[in-house]
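In the two complexes that follow, chain A is the common piece, with chain B as its partner first and chain C second.
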Partner chain A sequence: MSGEKIRLNTEWLCDCGGCHVALVDLHEKILNVLDSVTIQHCPVLTDIKDYPEADIGILTGSIRTEHDRHAAGEMRKKCKTIIAFGTCAVYGGLHGAGLAHSREEIVDRVYRHNPTTRTDTVPDSEVTELAKLVTPVDEVIDVDLYLPGCPPHAHFIFESLATLIEQRAPRVTQDTVCARCNRQMVKSEVNAIKKSLDGVPDDNICFLSQGYICLGSVTLDRCLAPCPNHGVACTGCAGPTMQILTEPNRDIRTEVSDRMSRLTAIDGETIKTHMERTAKTQYAYAMATKMIGNKPTFLIKKWIADVEAGAHG
Partner chain B sequence: MVQMEIREKACRGCKFCIDVCPTDALAFDEATQKAVVKTVEDCIGCLSCAYLCPSGAISHSGHHVVKNFYRNLYFSQRMEKFL
Partner chain C sequence: MGKVLNIQPVTRIEGHARIAVHLDDAGNVENAYMSLMSLRGFEKFIEGRPAEEVPRIVNRICGICPWMHHTAGNKAVDGCFGVTPTETGQKLRELLQVMAHINDKILHFFFLAAPDFVLGPDADYSVRNVIGVVKAAPELATQVVKMRQLGQMMIDRFAGKAIHPVAAVVGGFSKPLPEAERQAMLRDTRTLLDFSLYALDFAKNNVFSKYLGAINQLGVITTGFLGTVDPADGSLRLFDGRQRLMKADGSYVDFDGADYLDYLGEHVEPWGYGKMPYARSWNEGFSLDLDAPKGIYRANTLARINVCDKISTPHAQAALEEFRAAFGRPAQATLLYHYARLIELIYACERTMELLNWDGITDTDVRAKVEPKAGRGVGIVEAPRGTLIHDYHTDADGCIASANLIVGTTHNIGPMNMSVKQAATSLIKDGHYDQGILNKVEMAVRAYDP
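Take a look at the complex of A and B:
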């Protein structure tokens, strides 16, 4: 590059703000980035309300309001390279699970009949109206690069930014969370699925071997596996692996049930049915994207109807 | 000639690859609790082990690549753009 600094815009759409915090997780390395980057529009750092011309645009969050749609469009016009940053931007993210409910149900639950706070006012000024559905960024504008992760670990952020700045090929891998986990997968005689709060899992043995549902083997590693290494089963926050995304008939539930049934004495069909009954949890991060939603094996509406029929019947 | 590599650090010792291999080309090292390549010349490049491996720790080279037209096109168009 010439002596000129690379201009960076960032913007948040419908998200928690964690991805912007993840940029600060670069710690001292952020100084290396700032050597070659000028931060322009950045809602947590600068007071620039419009969208200046930029080389790189980082978009975090998905599209849920008119503001989101407008901001994404403006960023696309002004930035040469758009990165869909974080699971929300790439797959719709955790609130993509709102797909399982109507807009009216969500507004009612959050603002009218919230079980934990007393409120009966639906916000109607200052914020734009909630769209009917959650939409990943790439269904609204063209996206040049995707970096999933909730949020992506600083290791991958630095690698991606350095790649762009130095104009070389990235060294990020297609590993799963299991590849970074320190637990040993052993065959066991466990014959029932446990809930996450049942008992205390052994620290050295794979969650699947112990009967807990863990999505490590079907989740892309953009986190360095902190959860399974600290006693919490993987919830799949970085989204599915390339393997699941490319194969139309392979799915989160089919792959986990296949592996878990090989490790334990639990029947594969039992695991698959359990995961369908808890589909809102298992597919929470990625159900809003067509990459998963268009799969012939993904039948979320049917699974929810089955659970509700069971609950009322 | 098919080559096969297992990244030891990523191997979780589940033995899936050993169970699934149709030609018994892999073995389990009891000392390290990891899978190892036993007889690579027996490998027919079916990639069953690579597919089933929970860590994606097994990689092959020099095998005959079969084109698979049955793919999730919506994702495949974007695959190259993933960081």
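Take a look at the complex of A and C:
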């Protein structure tokens, strides 16, 4: 019987563990999955420490150390289909902020210039060295399928596993978060950008119309829009849409400022400048992918320097 | 030169760790380490970001306990901006944080730790996992999966996102709790409370009594403890209160979270990315020496159960009394972390009920008015893995100027190293070891649930 089962390996690279919890949280569906899948290497659940041959390999997290690179390589060798699972694996994720901060700056902040740390030691033995930059998985191995989301919603996880188990085409759409959001885009007379802590937003109207930045329209829906449907704007944790990634002159800030200026009385340039000033937040999850990092329109280092110059000037 | 046994990765824990046991020529343990394998550096990433956005960013430090970072981050930003959240807003934060404790404890005990006890530590490694438990005890497993689902769905329904939440905001909470939702939560929490009482009974009869020998030996070390208590009566608190730092002899000091720098320091060794906090206020320095540790205290469930004078809810208090009668205060045996975890599971369910039964919980005044400004805020909650400290400074624009984070797990990195060394030294003799023995060394780490 078990010969018929699909063999699954999972591995976590540099990540928060949330994607693996999301897998466990298929809840009763995990019991269904177990009927047709044999879970082999899966550090959070099993004690199988090597990498057996497998049909499916799920990789979460991004490449931070030599160890991560090695583990990704082993998974590629042993698994027929590799899924880059979660925003970290697909785009580098939040800790892909390497474009904004060098490894040296980070190490210095954590181990040297830190109010509680009383030693002056930087770990360097028994640990594998940190890579210069954090990178998405597909910069070190070939990836067959991508499932972004931080973490992806169970609906999409189950769909993609079912697709592979039943060997059929996936029924996933390329919709944006807006498609699942219950708010209405309406034209308003709002004339200034609000911070998320200004006032209490109306629950039925699009955040953009109310003057709050929301990244729903530039973000791929792999979450069913929980944030705008629970009172909080989208910050794009599932990563940008294909359109943003592939079209050279379209970008998170150009798209959002266009749309928002049409919905409000705020000038597009003002919105764009605001988003550049807060670029670390607006581009938080996908900075490490070359598709964003190499865009001619993406000048995060300059934007950060401008803000710092402003702060000192 | 002898050899090095590598256990990598340490499995069925919630982080990325490795154990290295160094043997001498005769095959006896010379040294043993448990080290964290990576560093991300959130302290740096959040610099310069608008502080009000940070509580949803720091979630990504840990996908197992995002609600802890989310609530501690919000408290720290409240502090920076000098805002007092509305009472309902604060209680809603606590409600979600305590609910997240329920789900975490179910996940840890049953999904990660139980295979060692249900199937036995020497069971073949290929079946010693939750899937093995599903086969060996299908009814229990189905029940556990259901309970985890009930708990996560309760959070999902109300707050939108259980993993990497967004619903707590600076000044309070993003939305009020509808009455119908409160009723549904009460119903589900009652079920979870029944399950938690059953879980403790199950563990007392099938785990703790059976493995008493192991409990008294495996990974046992002697340390101090850190936890959080109610300032008025010293009872267990998870969401707020004063920090209590206890020495191994049971004497303690209580301090205000904002003063943590006067009490705690962090030590770095070249062999791991994790920093090791220690009790600087004891003025004895830092040492992991098994016979004479210096500055070493532990956090997480056993620590909280040790430092509190009592528990404010009846079922958990009864369980605490029984525990103390059997193991004393402070109890030192490492495997008792599991026992303490189940007592806290009961408390978390009872506390959730208390909060839901509070009249003001459905009030619509959930969010105080907030103005960004320069300041400092220290936000502390008890995360499942220990006292979680977020310390932020903001600039005049309300952006993060600097941040210091002490994450729950890190308090136990020093002690885990000691437990690993203790376990390895007592189990591996004259070059003899096998897969079961190495798993027992891992069990010494698993108890801490890093």
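Here is the rule we go by: the second predicted complex is superposed on the first by the 292 of 313 C-alpha atoms of A that agree within 3 Å, B and C clash if a C-alpha of one lies under 4 Å from a C-alpha of the other, contacts with A are read in each partner's own complex, and residues count from 1 in each chain.
By definition in this document, a residue touches a chain if its C-beta (ideal position, glycine included) is under 8 Å from a C-beta of that chain, and two chains touch if they have at least 3 such contacts.
Everything quoted here is computed from the prediction, not taken from an experiment.
With both structures placed on the common chain, the touch criterion links A:L8 to neither chain B nor chain C. Residue contacts after overlaying the shared chain place A:M287 against neither chain B nor chain C. Looking at the shared chain after the overlay, A:V186 reaches chain B, while chain C stays out of its contact range.
In the overlay built on the shared chain, the residue A:C237 is in contact with chain C alone; chain B does not reach it. After overlaying the two complexes on the shared chain, residue contacts for A:I165 are found with neither chain B nor chain C. After overlaying the two complexes on the shared chain, residue contacts for A:Y146 are found with chain B alone; chain C is out of touch. When the two structures are aligned on the shared chain, A:T176 is found in touch with chain B, with no touch to chain C. Judged by the touch definition given at the top, the superposed model places A:C79 against neither chain B nor chain C. The contact sets of chain A with chain B and with chain C never meet. Contact residues of chain A toward chain C in the complex are 12, 14-22, 24-25, 27-28, 30-31, 34, 39, 43-49, 64-65, 67-68, 93-95, 97, 100-101, 105-107, 109-111, 114-119, 121-128, 130, 150-151, 195-197, 200, 203, 223, 226-227, 229-232, 235, 237, 278, 280-281, 284, 304, 307-308, 311. Within the complex, the chain C residues that touch chain A are 7-9, 11-16, 18, 20, 33, 35, 37-45, 48-50, 52-53, 56-57, 59-64, 66, 107, 111-112, 125-126, 128-131, 134, 142, 145-146, 148-149, 152, 156, 159-164, 166-167, 169-171, 174-175, 260-261, 264-273, 275, 277, 280, 286, 367, 370, 372, 391, 395, 397-398, 404, 406, 439, 442. Note for the complex: chain A touches chain B at residues 83, 138, 143-148, 156, 159-160, 163, 170, 172, 174-176, 178-181, 183-187, 206, 216-217, 241-243, 245-248, 258-259, 262-263, 290-291, 294-295.
Those residues of chain B that touch chain A in the complex are listed here as 7, 9-10, 12-16, 19, 33, 51-52, 54-57, 70-72, 74-76, 78-79, 81-83.
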